[in-house]
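Consider the two complexes below, in which chain A is the common component and chain B and chain C are the respective partners.
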Partner chain A sequence: MFTVCTDPSLLSGFDWFACYLTTPKHLTFFGSFFLVLLLIVVVAPLALGLGFAAAVASRSGSPFLSLPGRGYVALARGVPDIVFFLFVPIALDQAFEYLRYLMICPDQLGGVWQGNDFIVCSAAKLPLSTAAPIWHSVYGFGLAVISFGIVFGAFAGNVLVGSFKAVPIAQIQTGASFGMTESQIFHRILVPQMWIFALPGLSNLWQILIKATPLLFLLGLQDIVYWARELGSSKTGIYAYPHPDWRLYYFGFLLVFYLALTAVSEAAYKRLMVRLSRGQGTIASVGKATLRSGF
Partner chain B sequence: MPVLAKPRSEAGSKGMSGCFETIQAYALRAIGIGERLLPKTDITLCEQMVLIGSGLIWNVYFGILATGFGFWFAVCLSLGRASPLAILRMAAASFVFLFRGSPLFIQFFFAYEAFVLLPKIGVTLDLGVFVIDASTGWLTKAWAGALFVLFCNTAAYSSEIFSGALQAVPNGQIEAARASGMTKFQIFRRIMFPNMLRLAWPAYMNEAIFLFHSTTLVFFSGFPAWRQEGDALYYASYFAEKTFNPFVPYPIVAGYFILITLVIIGFFSVTSTYLNRSVPQQRRVKPRFRLLRSR
Partner chain C sequence: MKSLLFAGVLTALSINIASADTIRMGTEGAYPPYNFINDKKEVDGFERHLGDELCKRANLTCVWVVNEWDSIIPNLLAGNYDTIIAGMSITDERDKVIDFTEAYYPPAPSFYVALNGSNVNLKSGVIAAQTSTIQAGHVAATGATLVEFATPDETIAAVRNGEADAVLADSDYLMPIIKESAGKLVQVGEVYLGDGIGMGVRESDGALKEKMNKAIKSMKQDGSLNKLLVKWFGADVKTY
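And then the complex of A and B:
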């Protein structure tokens, strides 16, 4: 990075640290924090969309829609999410490869399940073994995003089902007495009013999502946990920057990162709540009572 | 040809009696009793069910002890947060922020490194209750170290619930108690504590469920499984790796956890009836399901 860093063994004190913290590996480590933020930013709308769809489906009069919707939402409760995170990416990967097998090499010798092994022809592999390493990472990240989306979609569905129920029935009756159709009531009354009730639950979900991001490491991605373990482990003299086991400090840094993320989110949530409460006729907008998120 | 057919028929003849033998060999494998070697080839459904069930012993161990001890610490923390002493309030609030604001996953890593490293470099850490030094090597084992982290984590989350419930205790009851000459301790013991429990119980049930779910993280974060004695998910991932088939072991874990969740719900509904025995029937606090807990 800097010109002084050409021979690390001569450095000491501040210079040593300045050079140590700007090695290419450390820059990758800092970059992986953006991976975490990217995951949160991509998963949040995906999960919200899935959750909204599930909540609407579970309210449907047709059992063909309401049963899958309810089942999907209920599943998230009984099963630890980490089980999903270990299961869904492998299942998705096999599903994609199976689809490609059907398209590309359906007459493969011996089928896809040979004993206990799942084997597809090399042309159907995802990503192709000839692909650049970056595509392997992108594919892994994509699988992670879908898995997080599915799990958090169920959580969000649970929150939204509750907030649909929280809209005062008088509002819906008023809409009906004005001669609105069901879909008009849904679009003009139910959906606009439901968000304020959903907000505490969704903010909580946001916090859960932030705290679930280290699970990326379990999916084999080179995220902040991976790099903290990698860079923190003790380095002997054969390395340019030898140091003892510093994983404690690296994990301490991650701890501070997450605490800061939590604190910033909480502050943002408070401001958002004040804004959205304007003119809603709830305690938050009418009375001066302090806001209690209720959770 | 008949020679080739032999292993197949042997595997088929395992059947019920074979499963009984598997139970004898592996039912207590997770705590080091029974067969030493894990099955490597020809893994049967029975072996998966038994070993994953054996791993469940650890999940139940962590879950029960962490909630059992964490409950009392949580009560102390919420009293601390309501204390007139500013320093007590600060200490309790920062403890809660630390453990609620960071991922459990990172807490496990951090704690493991701390328990391993600090005694090694000669640092002794005085936690007030006990001192971490070279003699506390047992803290690097999952049974103690992970339990300690889970205990702090659940105490922080529960104290948030209990603090809310403490503030919701009807003031009239406290005034009545004061008027009848009760001491401060008597008021807490007879009025505040029972009311707090009653009000917090539904939310606390959710906390207990999610704590049990969180126990699956233990052997995936820092604390190594000693002699392949791990929890349910540890064995499930072992089988998924050995059979390349995630579609059997992970659903088994999911099934076991749904059972545990049902047991917890049952326990809390029974105790909820007891806690609400003096409350008029129609005002009984119903156990409600909420999905609000992060790790």
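And then the complex of A and C:
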């Protein structure tokens, strides 16, 4: 990056570190932190949306809605995350390629499964072999987002089902006695009031989502864990910047990153809780001081 | 939303019209000097230079893909890339699942390496090896206690911090490490395993195997392969 860095073997001390920490490899490492943030930001609304849909569906009187809703939540919650993350991206990838095979080259010689091999013609590959590396990364990331979305959507769905049930029945009855339709009660009373009950569960889920992001590594994506291990491993003189085993420092850095991220989220959650508690007949809405003097 | 997003990606990926001549080369990127990721974040090492030359001779456009060692065969079979060029020894066991080109690196010894001054029993001690390697298979067969690691570097770390008594790995991977350990690590044993290193391809991909075989043969004939071997492994390396 800097001109002093052209021959690292001549460097020592601060210069060496300055050059070392700005190699393209390190810049990629720093960039991969944004990948983690991007994953969280994309997955959170996706999971919340899926969870909301599942919760509403499972409350439905029609078994055609409630069964898929409940089935999805039970299934995705019951399968271990790691098994799910190993299975879904491979299955999705092969499903997409199989569909494209049916569309593009269904008369392929020998079919799709040949012995151990899963083969589609090169035009049906996803992404194409000729596609720029960035598309391969986007595709891998997309599969990861879908897997995370499905898993965390199920947990969110379960939380939301519970919080729908926690809204006091008197609120619903009051709505009905005012002549509101079911849909009006749902939109104006049930949904606005259930969030406060969902929040503790959802905030827990958010923390778990943050902590689950290293699973990207398991999916073969080059995330912060991959780069920390790669950069931290001991380097012989064949590398421009040889060093002993530094994994401890790199993983320590990840630890600090994750702690900072969860600490910031916790603070944001507390503020949100105060806001959503306003006007609710709960302990949180009156505050501890009032509670003590009131008794 | 999800399907919409995906449809978008699908179309975006379809814009490039396929050319059959782009080959994705799968490697580990953590096994210097065979293959490693240099500080410019490029795949580097013996196999990078060999692979690029083979592709040139076979008239193929090659793209390098880094994949974990542990899943390198399954992902070849799933079509994520078209070759494995990752210091993979040719063995009968692997040959049942994938096909190999002819060797581009002759059979070479594997070394046992331990801390200087330690008294290691190679038949009953704790020996580290990378998972799914011929060395791991050998350790398990000798009766020693095998501890497996995902990356080669972790096997060395295990010896340095005393978790394992010794490590078994390819001599050409270990020699630079011994040399730069300032006398801390020493070779304590030697064993010959495997039939040399070849490029792995899918069994259904006979055409690619033939192209690569032809290119490897031509590099053996004109001496360019030997030059590469000496450049990356030193003058003592076995050549063709």
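Criterion: the second predicted complex is superposed on the first by the 280 of 295 C-alpha atoms of A that agree within 3 Å, B and C clash if a C-alpha of one lies under 4 Å from a C-alpha of the other, contacts with A are read in each partner's own complex, and residues count from 1 in each chain.
Convention: a residue touches a chain if its C-beta (ideal position, glycine included) is under 8 Å from a C-beta of that chain, and two chains touch if they have at least 3 such contacts.
Given the structure is predicted, the values throughout are model-derived calculations rather than measurements.
Asker: Kindly classify A:D245 by the partners it touches after superposition: chain B alone (first), chain C alone (second), both, or neither?
Answerer: Touch status of A:D245: both partners.
Asker: So, A:L219: does it touch chain B (first), chain C (second), both, or neither?
Answerer: Touch status of A:L219: no partner.
Asker: In the superposed arrangement, which partner chain does A:I90 touch: chain B (first), chain C (second), both, or neither?
Answerer: In the superposition, A:I90 touches chain B and chain C alike.
Asker: Touch test for A:V36: chain B only (first), chain C only (second), both, or neither?
Answerer: It touches nothing on chain B or chain C.
Asker: Just to be sure I read the superposition right, which of the two partners does A:F118 touch: chain B = first, chain C = second, or both, or neither?
Answerer: both
Asker: Would you check which partner chain A:L46 touches, where first means chain B only, second means chain C only, and both and neither mean what they say?
Answerer: second
Asker: Residue overlap on chain A between the chain B contact set and the chain C contact set?
Answerer: 90, 116-118, 229, 245, 247
Asker: Spell out the residues on chain C that touch chain A in their complex, using ranges where they run on.
Answerer: 1-2, 5-6, 9-10, 12-14, 16-20, 22-24, 29-30, 32-33, 36-41, 45, 61, 63, 65-68, 71, 75, 77-79, 82, 97-98, 151, 153-154, 156-157, 160, 176-177, 180, 202-205
Asker: Going by the contact rule set out above, which residues of chain A touch chain C in the complex?
Answerer: Chain A residues touching chain C: 8, 23-25, 28, 46, 49, 90, 93-94, 96-97, 110, 114-120, 122-123, 125-133, 135-136, 138-139, 142, 146, 149, 220, 222, 229-230, 233-234, 236-242, 245, 247.
Asker: Going by the contact rule set out above, which residues of chain A touch chain B in the complex?
Answerer: 76-83, 86-87, 90-91, 116-118, 155, 158-159, 201, 204-205, 207-208, 210-215, 217-218, 225, 228-229, 232, 244-245, 247-248, 251-252, 254-255, 258-259, 262-263, 292, 294-295
Asker: Where on chain B does chain A make contact in their complex?
Answerer: Going by the criterion above, the answer is residues 43, 97-98, 100-107, 109-110, 113-114, 117-118, 120-121, 164, 203, 209, 212-214, 216-217, 220, 233, 236-237, 240, 242-247, 250-251, 253-254, 257-258, 261-262, 289-295.
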